[in-house]
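See the structures that follow.
The same chain A turns up in both complexes below, where it pairs with chain B and then with chain C.
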Partner chain A sequence: MKRIVSWCLLILPILFIIYPLWNLLTVSLGVSTMQQGISLTAYGQLLQDPQLPTVIQNTLYIAVVSTIASLFMGAMAAILTEKTDIPGRQGWRLVFILPVLLPSYVISIAWQHWAGPVGLVNGWLQHLLGRTIWNFTGIHEIVIVMAISHMPIAYLLVRSAINAIPGHLEDAARIAGARPVTVFASVVLPLTVPALANAALLCFASALDNFGIPAFIGIPSGITVLSTLIYQKVIGLGNGQFEQAAALAVVTGLLSMIPVYFQGKIFHGPKYSREEGNREKRVYLMGKWKWLLVLLIGIWQGVTVIGPCIAMLLLSLAPAYGVPLTLSNLSFAHYISLWTDTPVVAAGLRNSLLLALISTVVVLLLAWPLARRIVLAPSPLVTFLDGIAAVPYCLPGMVVGLAVLLTWIHPIPGTSFSLYGGMTILLLAYIPRFYTFGIRTWTTAWARFSLQMEEAGHVAGAGPMTVTRRITLPMFREEALGGGTLIFLLAFTELTLSSLLAGSQFPTLGVIVFSMETAGRALESAALGTVLTLLTLGLSAGVCKYLLDEKNSEEKETKI
Partner chain B sequence: MNADLRERQQALTIRKLAVRYSNSSQWVLQDFDLAVRSGEFVVIIGPSGCGKSTLLRLIAGFTQPQQGEIVIGKRVAATAGGVCIPPEERDVGFVFQSYALWPHMTVKANITFPLEQKGFTALQREQRVDEAIMKFGLQEHQHRYPAELSGGQRQRVALARALVGQPALLLMDEPLSSLDVALRKRIQDELLIMHKEWQPTVLYVTHDQDEAVKLADRLIVLNEGKIQQAGTPYDIFHSPNNSFVANFFGEVNELVGSVVENQGNGLSCIRIGDHIFILARTQSSLTSGERVRVFIRPSWVDIQEREDMSNARITDSRFMGAYTDYSLEWQGIPLRVSTQNTISKRVGDSIFLKVKDAWSIKTSE
Partner chain C sequence: MIKPGKIQSLLLWLLFMTTILLAGCGAQQPAATTEKNGEISGKLQVYTSQPDSDISKLVAGFTKKYPQIQVEVFRSGTEEVIARMNTEMKAGKIGADVLFLADAPTFEALKVQNLLLDYQSGELKGVKQELLDTDHMYSPTKMIPIGIVINTNKVKELDKVDWNTLSESENKGQTVMPSPLYSGAAAYNLGIFRNQSELGWSYYEKLKDNQVMVVKGNGDVIKRVASGEKSFGIVVDFMAFNAVKQGSPVAFVYPKTGSAVITEPVGIVKTTQNAAAAKAFVDFVLSAEGQQLAVQQGYLPVNKDVNAPEGRQAAAALKILNAPIKKLVEQRDANKKDFTVLFGG
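What follows is the complex of A and B.
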């Protein structure tokens, strides 16, 4: 049994992670199933593409600017909720992590109805001032939505770095004669720099990876980035397009390795001694300013998150596009028509639920034995497997999707059976993609777990299965629930992989929203977006707790 | 640190101090009075939760008292509901249990920081920091980061950082508790040398009685927010005020007796049980017939192997290395005794014991 598991741990990643990526590389080099030599034709054609420099420029511009904006907002938010005494901090924490739980395409829809060229805000402004003063379109809109949707990454990282600083370090600086402002500048800020650097890399990588925002905002306004270019090349499917798309995917993959490379180089941040059980944190008193701060946060969040969601909701209730909404003409017609007129929505909902459920269970099951080995019996092989598992998530989703598509689209040799078009190919992409989340879930749980608890179980006479079932798993319930819900949410609202892999017989919710938006059915896509938002919020109640790691924040706060 | 230039004045005066946490009715400290002379090494000892760390945080200015006042030097630092000078202006040094060295600064930067805040010129800073680095033997490590240092070295950096600004008062919160026994002993010696050389006024908190006895000029025993006893380590060990203090400092036999005769020279004849009469040191006010509590430390009893006389029986013995612990039955009363003498008698044998010293106090009821 143990041997079989060990072999599976080795063979499955080779077959389902390394092989598809290798296949992508060989296709890009023109080595298909036929006996051909390596050729760089596809890369050559790519270089001649007059579009490419603009696309790369767009991609980098969006990534850099949105990263800076996300970092700034995330750091501000973290300081405000963790280092000040503003009222309602727990509520603000939830508001700040909200955008990461919503699929980015839903935020795009919402934002367009809120602040787009014909959005709610522009309507108001036009009404008030008689002219349009707000005109964020195209690339600026992409940058803004990207910044909003990646802000929680920076927020969560900076927040946990701030909370990890032992209060004594700040006390020591006070004693040494520093005023609170100086303490903040000379102790707290420097200690969050590693987290800021990490957050920058993650935001940058996420910006390269993102498909939803450029697809929903960029494609209609003619702004192309690398991920949408790959998509268009694959969907276009012209002669030799597969090779070109593969070559483009390889280039994009290499580009996305830049942040990964830097992550290895980064100063990993201070290690605080573990013996100090004292994790009290110090909170700076804002006095009467705190009400002003709350007002500012309220405006900020109102403009960036709450407003857009309300705009989407209002639009979905309007009788027709462009008709002003009043209490009397409020209509649920679009919600009803989602179920009655569009059978595909119900199918999509079922498909997405099924996919998410299977992916979550399989990922958690497959990750368990590897995570156990990572924590208990680390070896170069195990570390290597851990690294391999992270690859499908570090690479942009479009690259992974294309690799999986190219590998499994052909009928299995000797049969006429093809995986394309059904659930299997989606699972073959989802499971490798989210595998690393499963590993993180279990390793975090293991790191908090003392092996002696298991040993005590063995000494008490329980066998390995009993110990796992009765001792280990119950103690991991919380982590498993949090990690599992996160994987479920990601899979449930997935768009990038499924935009390439979901055939017309097996559409996912993401794909359905996308096609509604492309078909110009704005009201219905707003209604579906609203439904998705509510579903996500309901599901994410558990994840919020997991992401915020309540155990830490419930600890004592001391005001200084 | 010119000790002779600084007048031998009070470095710290605390009057009627009381504090409790906002969400509890339990007093953490109550009716607390303390005066520390300049240059004195005062150790506050008590079990965990007795309020000793809270006291240091009050003096440092991280907590505001509900009653009483704190005077550091000649300046009122805090009064209940009134003055509260912030920590950065109190002129105190603090050595934390976790050292609290800033991990992103080198040893030298850590030590320089307090001087930067106090507005010394670059030249003065350089001079002072170099002197401190030299005195604490940190020359080789001055450009390293705290994570690269051993526990003992970190301890020295923390001390240098707390002392470099020459604070009026040095507060130390169980600074040695995370070190192993051997290193702790060595650092205690270093602390004593440091104290001789720099002569800072130190208020040192610990729960380790060996450490307290070794370091203190004056000891203050704290329990449940109240001072149980203050005095030299010798006084506290030999003449504890109550049974908490007696038990807190090592093992003690606690017996009940009554005064037969107060001899007036600090000694009384005391009867324990029905047949035992011993001579014990007493509070002078005791009168004949009064009920007393008698404390006899195991080392205050001598046991002898005499063929002609015996008044006790060995019920248990345990070899402890430098000495041997015996449990005796002394005319019906159990008694723990430790001796460095080698005794050939075994469990069950009879033996002769003689009480060399004893201390008695009035029973509280």
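What follows is the complex of A and C.
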């Protein structure tokens, strides 16, 4: 039995991760077409494409600028919620994490109705001043929305770096006579540098990966980036573009390797000993300033997150586009028409739920035996498999999607049966894509789990099944719930992979919102966006509350 | 040191079982036609570019008449529907039974590829002879002129608006139009304009110089004009009239120079497993009942015995721009390519 499991752990990644990517490479080299041998025709055509330099330039510009903005905002937010004594920190923390829970296309919709050319804010300004002050369109709008939606990455990393700093370092500086400002600048800040560097790489990679924002904002304003270009080559222009799309995907994949390369070079932050007594963190008293800071933080979150969501909600209640919303003409017609006029929405909801549930369960199940080996019986092969599992998530989603499409679209030899069009091909993309989350979930769980617990069970005479069911799993409930919710949410609102892979008979929610938006059904897509926001927030709030109640841990703080 | 629990192997078995089951789900075999007691039944997949709300009302009317038929709809822009079909052909199976797309040249191209089923509906009596396909591969269902939608808060003199208004420098950056890479109507319009001496390809170049915005679909054009983001939009007429009805601050003008008119044909895919249901669907769209339904949704009917929507000019009263359909089909790909180069995709 052990051998069967081990072979599966080896064979499944080869078949479902390595083979599709290899296939992508061979298609781009023209191996699958008539000519024998390798040809660089597709790459040649790509180079001649007058669009390509602009597209690469757009992609890099957006990635670099949005990364800088995300870093700045994330670091500021982390300092404010972790190192000051401003009131209501728990609430601010949740709002700062919020953008990472929402799919980026929902943020795009919300932002357009908030600060777009005819958004709520410009409407107010027009009313108050008789003119608009700014006109965010095109590439700047993409940069802003991307910075907002990737800000939580920087926030979370910097926050955990700050919280890991042992209090006695700061105490030592204080005893030596440094003022709080000096302590902060010369002790705390330098210790966050590795986290900032990591956050920069992650934000950059996420920006290359993102499809929702350039698709919802970029396509209408004629700004093309690599992910939308691949999509358009496959979906927009029809036949004969597969080889070129594959070549483009290979180029994009190589570009996304830049951050991975640097990841290895980064100095990984200091490891602190986790003795009791070091855990207390030091916060800085802001005195009278704290209310000013609260005001600033409130405005900041109002402008970047809460305002857009409210704008989306208000628009979804308007009777028709361009008609100002008043209390008397407020209408739920668009919510109703989501169900009555568009049966596809109900189908999409069902499909996405099913996909998310199956992906979550399968990912967690498949990751279990590998994670166990990673923690308990590490070997070069196991480390290699762990690395392979991370590949589909490190590569941009559009590249993975295209690889899966090209690999599984053709009818199975000898039959007319193809995986394309149904749920299977989507699962073949979702499961490899989220596999690494499953592994991370279980490895963190096992890392804090003492093997003696299991052995105690064995000694007491319980079989392996009983031990897993009665001892191991209950201990892992927290991690399983957290990791599972993350995978579920990612799969439920997925757009990038499904935009290529969802056939006409099996649309996903993301694809439906996308097609509504391109069809100009802004009021309905705002309504659906609002529903998705509420669902996502409800689910994650429920899980957070459950986990917090479970932990019941209190933060210890000392003020300086 | 660690014995792998039996649970692991059990889980893997479960996984394989689910994979096999799922593979089964992927292979949704189309239900073959069953005509019990003369009643048509089974599944019918329609690929269309009609707005969701319009097609769902049409389907509701159809299934009321044929309760045994389950209709499923896939909606996208015409060009994307075609791209989807090309992808499906690579997968070895076209999912559609019925195609209901923007314009005749699209169907001509499908006819050349031998993808359509020959069917002459009995409901074509009221349709003008010159609109019909001589090979009976597809049938026109409506008359949809393409004109200009105007935001009435921003523009007051509606009568003067013609195609040239959009390329005048005082209206720089004020026009939005759908992309011929997505919308069949826009692709048709481009084809027709290219063959008119007074407009031509240079008209598109002038629009580009005048900073026209290109969005994907016609609906998006309406949205941006209704919200006041843009003053003018090139768009299919019924969407604009429906926006007026809903209270959006817009008006629609048929330009004096003339309009390209798409006919939103319907056709049956040759590989259909349910030809009886597909034919019933085509008949229903063309029937007096189907035409009345279209009129209620703001379309000009193709059947001249059915009246235009209240307060609207009949199709016969409009100046229509034309070009030989063969030429339009031949030029389509080149048009799209030139458009991509000019506007950058």
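Everything below uses one rule, namely that the second predicted complex is superposed on the first by the 535 of 560 C-alpha atoms of A that agree within 3 Å, B and C clash if a C-alpha of one lies under 4 Å from a C-alpha of the other, contacts with A are read in each partner's own complex, and residues count from 1 in each chain.
FYI, a residue touches a chain if its C-beta (ideal position, glycine included) is under 8 Å from a C-beta of that chain, and two chains touch if they have at least 3 such contacts.
The model shown is predicted, which means the values in this text are computed figures rather than measured ones.
After superposition onto chain A, the modelled positions of chain B and chain C are compatible, with room for both.
In the superposition on chain A, contact of A:94 is made with neither chain B nor chain C.
Legend: residue contacts after superposition of the two complexes on their common chain; A:293 is shown touching neither chain B nor chain C. By the touch criterion defined above, A:10 reaches neither chain B nor chain C. Between the C-alpha centres of chain B and chain C, as viewed from that of chain A, the superposed structures give an angle of 170°, to the nearest 10.
For chain A, the partner that touches more of its residues is C, with chain B and chain C as the two candidates. By the touch criterion stated above, A:191 is placed in contact with chain B alone, chain C being left untouched.
Of the two partner chains, chain B is the only one that A:179 touches; chain C does not reach it. Once chain A of one complex is fitted onto chain A of the other, the partner contacts of A:54 are limited to chain C, with no touch recorded for chain B. Taking every C-alpha of chain B against every C-alpha of chain C after the fit on chain A, the minimum distance is 31 Å. The contact sets of chain A with chain B and with chain C never meet.
Those residues of chain A whose C-beta lies close enough to touch chain C in the complex are 1-2, 4-5, 8, 50-51, 54, 116-118, 219-222, 224, 229, 232, 234-239, 242, 319-323, 337, 340-344, 358, 362, 365-366, 368-369, 372, 376-377, 409-411, 416-425, 427, 463-465, 467-469, 503-505, 507, 515-522.
Of all the residues in chain C, the ones that touch chain A in their complex are 1-9, 11-12, 14-15, 18-19, 22-23, 25-28, 45, 47, 51-53, 56-57, 72-77, 79-80, 82-84, 86-88, 90-93, 95-96, 151, 181-182, 213-224, 226-229, 243, 246-250, 336, 340-341, 343-345. Within the complex, the chain A residues that touch chain B are 166, 168-169, 171-179, 182, 186-187, 190-191, 193, 270-273, 275-276, 278, 558, 560. Residues 60-62, 86-90, 92-94, 96-104, 113-114, 117-118, 147, 161-162, 165, 178 of chain B are the ones touching chain A in the complex.
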